[in-house]
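For reference, the structures are reproduced in the following blocks.
In the two assemblies presented below, chain A is common to both, partnered first by chain B and then by chain C.
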Partner chain A sequence: MLIAEHLSKTYETKDWNGFLKRKKTQIEAVKDVSLEMHKGQIIGLLGINGAGKTTTIKMLSTLLLPTKGHIDVDGLDGVKDSMTVKKRINMITGGERMIYWRLTARENLWYYGQLYDIDNKLLDERIQRLLDMVGLKEKQDIPVERFSKGMKQRLQIARGLINDPDYIFMDEPTLGLDASIAKELREYIRDLAFKRGKSILLTTHYINEVEELCEYVYVMDKGTVIVQGTPKALALMGMENKTLCIELHENHELLHAGLTEACMSIEKNCSIQWDSKNMTYTITSRRDLSETVTRVLLEHRASFRNFYHQEPSLEDAIIKLARRGY
Partner chain B sequence: MGYFVKILKAEMRKQHKNRFFGKSIYVSLFIWPMLTFITAYYSYKPFPLDKIVGGLGYINESNLIIFVLMGYMCLIFFRCFVQSAWFFSMERTYGTLELVYLTPANRLAFIMGNAVSSLFESIWLFMVFAIGVFILNASSFKIDMACAVLGITLLIVLSMLWGMLLNALFLFSRDSAFLFTVLEEPMEIFAGIKVPAVVFPVWAKAVSAVFPLTYIAEMLRRIFIRGDGFLQIRGFVIVSIFIGFIMLSVTTICLKLGEQYARKTGNMALF
Partner chain C sequence: MYCRTLYATFRRNFIIQLRAYPKDFFIGNVLTAIYTAVSAFFMYHLLFKGQMKDSFAGYAGTADYVSYVIIGNCMHLLMVRTLLNVSRSLITELREGTLESLMLAPFQRVQYFMGNMLQQTVTTLGEAAVMLLVCLPFGVRFSGFNGPAALIGMMLSLASYFSLSLILAAFMLYTRDTYISQNTLFAILFLICGVTFPVQYLPEPLQWLAQGIPVTLSLELIRNSTLGGMTAVAQMGSYIRIAAMSAVYCVVGFTLIKRVESAALEKIFG
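Here is the complex of A and B:
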């Protein structure tokens, strides 16, 4: 298990202030972040740009020293035992950088395998297995510069698994990929956690990825975790208003007045919108008005196709939670 | 030790594959030093050497080609690293350095692998040419074999340490183009490759003292042309070992500081 407790990172910048003086400014990129990663679990780290996600990932992956706090990786100290910890972790980033374009896919993996001191026979077997897994086995001897964006990203995933890490940090792994390749990659990620027992920390701007993959989510804003929980729980937490949708079979002239009067009598500030094209009422309120609306529909003998509460969206919830600082 | 050698070999292979994509690059690596060598040789040729060389009494009409070629051979050993270190600095800008830092690999083996790879790729063709010329002019040599082996060993070791130092400096410098300009041409001028350093004015001698190439080139010329023995070259040997030790220390410190700075600030550019 990986446990990060009270992680903080403060950067110091120096800017020229006059001809000879330099002004020091301290920027607190991450403040008091605590999180846990369990085996076979995918956790999400969400937040807008500059929220502190990448800094957190870099601290967890030993690339950055925390200013405060402690990282424990299976009983090892993430700072003091960083060289041992490096064998158990790896990082996968989005984009086309961080691979050698003139080398083939196999050569790239072989090189990184050597850096991890993997036995040559085992490394050859692992390279073939990983290339097969990411669908690059047939293209293994082609220089990476001839690869498409999706193929490069798949190679990045194989590279991130070359040392068979227990903990994988994925920083926007589907960045810039088309929908079908991104879907394929999500399937790899799911298999890694659920079939192979890897522990994955995922940062992404695509909420559907979080909803599809993550069991638990940490939402960061201005360097701190503002809220955490399952994606469903977070969506409900961010939902301030309840939205009721009624799709009618036909237009009913008297119904609008009846609905307005009944709903307003319970909540003055509720909103009732009529979409004549789709013949749909959308009623938004703080209180649950479903009983009142049902009564009015029955009184007016209105025939309807559908009657439902709109599902809360995680995306809306995160924006709202970040906006109000939770 | 096995792990160190493994990284060294992996880095050598990677750099070779990454930089030497086509065989034509070997031709360019030969033509360029050849042209500069020919230019230097024919710049000397029209002048009466005994009147211009001052303290360097061992140069004459018959061994001029050996004198110049010996200088250029040493220069190639050292100069190939300036360019390769410049290429190596791209490991930082392309983000691959971060991935190397993510591994437990020995950092010294990593930069040494690059240096060894650059050295052997850049020098072998010119070395074949130089050895051919040396054989044709064998009569100009008076060699103490033990000193020759020592001199060549020092040339290889010192040039590799120079390469590692440059790799470490370029890797963490935000302005590697500046380092390239400062080190490339001045090394050829001030290390006494074209014009022997002993005839320089004092200020230029001070500059030439900075480059390890100055000592190595002069030592090898004395061994191969003047036939100096160990007693005559011992000063150069001591200075070379001392400079080698300093270069290795600075490289190690630079690597440690660079990584520590990157871990502290998130910025890979140390200076």
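Here is the complex of A and C:
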């Protein structure tokens, strides 16, 4: 298990203040962040740009030293035992970095394998298995500079797995990829966690990825974790109003007055919107009006195609939670 | 295997160089060295009229100016390329977007730098050999060649260039500059370390400075073993001096890199 406790990161910047003087400014990029990663679990780290997600990942992956706090990786100290910890972790980022463009896919994996001091026989087997897994076996002897963006990203994934890490940090791994390749990558990620027992920390701006993959989510804002929980719980937390949708078979002239009167009598500030094109009512209120609406529909003998509570959206919830600072 | 990072980095660089720097880069480097040698040849014959001051033979240990300059240039080429390649290795990784993935791995820094150097040395020795062959018609003569002494001198010279490159690497990584720092250093080394003339012609403060840079001693060792015919035993004192100097530079270089690395990574990744 990876446990990060009270992580903080402060940077000192120097700006020219006048002709000769330099002014020092302290920037707290991450403040008191604690999180846990369990094996076989995908957790999400969300937040708007500049929230501190990447800095947190870089501390967890030993690239940056925390100013305060402690990282424990299976009982090892993330700072003092960093050389041992490095063997158990790896990072995959979006974009086309982290691989040598002038080497072939196989040469890239071989080089990184040597840096991780992996036994040569095991390394050869692992390279072939990984290339097979990411669908690059046929292209393994072509220099990476001739690869497409998707192929480079798949090689990145193979590179991130070359040391068979227990903990994988993925920083926007599907950034800039087209929908089909992104879907393929999400399947890899799911397999890594659920079939191979890897623990994955995922940061992304694509909320559908989080809803699809993550079991648990930490939401960051201004360097700190403002809220955490399952994606469903977070969506509910961010949802201030309940939304009821009724799709009618045909227009019913008297229904509107009946619905308005009944709903307003329970909650004056509720909103009732009629979409004549789709023949749909959308009723938004703080209280659950489903019983009242059902009664009015029956009274008016209105025939409807669909009647449902609109599911809370995680995306809306994150924006709302960040806006109100939780 | 103990030296896996060294071997892997050597092999990686060799493949990259074969693919990325075709023969025109090789020819370009050789030509630069040849031009310097040719200019020395013409200076000697047209400007000096084949006559050097008596003091030159006294300081240089030979009256053969052309061979003196050509050997100086060969070693300068080796030194510049070693400094360039080793010092810039981390900054090159940063520019190519591979520094993060490299730093994620638990690799040995010494082996990584030595792998960079070894590949560069092999390539540059090839360039120097071509340069010497081309310079033969201009009159380069190894009048007093002592093989074992030259070999020891060469090994110690490479070690000294490596140690110097570590300090430059720390400086480059900290400032994230490769152009001004390296070219300033190369110009200083060319002027004060005795590449084209003995350091004794320099003002006294510059002579002291030159004696503190291992390149000066390295040039002296190679010339003594190829032109002066001095044996390894006769040069033992110089071997010890250059080894000690390299050790000091190495310790300082690695200490600086260790300190600078975390600060630089903070600047880069923060």
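Methods note: the second predicted complex is superposed on the first by the 326 of 326 C-alpha atoms of A that agree within 3 Å, B and C clash if a C-alpha of one lies under 4 Å from a C-alpha of the other, contacts with A are read in each partner's own complex, and residues count from 1 in each chain.
We take it that contacts are C-beta pairs under 8 Å (C-beta built on N, C-alpha and C of every residue); 3 or more make two chains touch, one makes a residue touch a chain.
Keep in mind that this is a model prediction, so the values were computed, not measured.
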Checklist entry - With both structures lined up on chain A, is it a clash or a fit for chain B and chain C? => result clash
Checklist entry - Which partner does A:83 contact after superposing on A: first (chain B), second (chain C), both, neither? => result both
Next on the checklist: If we overlay the two complexes on their shared chain A, which of chain B and chain C does A:228 touch? Say first, second, both or neither.
Outcome noted: neither
Checklist entry - Who does A:174 touch here: chain B (first), chain C (second), both, or neither? => result neither
Next on the checklist: Looking at A:65 after the superposition, I want to know if it touches chain B, chain C, both of them or none. Which is it: first, second, both, neither?
Outcome noted: both
Checklist entry - For A:285, is the partner it touches chain B (first), chain C (second), both, or none of the two (neither)? => result neither
Next on the checklist: According to the stated criteria, A:55 is in contact with first (chain B), second (chain C), both, or neither; which is it?
Outcome noted: both
Item to check | Which of chain B and chain C A:102 touches, first, second, both or neither | outcome: both
Item to check | Overlap of chain C and chain B interfaces on chain A (superposed complexes) | outcome: 11, 55, 58, 61-65, 83-84, 86-87, 89-91, 93, 97-100, 102-103, 107, 110-112, 114-117, 159, 163
Next on the checklist: For the complex, give me every residue of chain A touching chain B.
Outcome noted: 11-12, 55, 58, 61-65, 83-84, 86-87, 89-91, 93, 97-100, 102-103, 107, 110-112, 114-117, 159, 163
Checklist outcome for this item: Within the complex, chain A is touched by chain B residues 3, 6-7, 9-10, 13-14, 17-19, 21, 94-96, 98-105, 262-266
Next on the checklist: Please output the residues of chain C touching chain A within their complex, sorted ascending.
Outcome noted: 4-5, 7-9, 11-12, 15-16, 19-20, 96-98, 100-107, 262, 265-266, 269-270
Item to check | Interface residues, chain A side, partner chain C - complex | outcome: 9, 11, 29, 55, 58, 61-65, 83-84, 86-87, 89-91, 93, 95-103, 107, 110-112, 114-117, 143, 159, 163
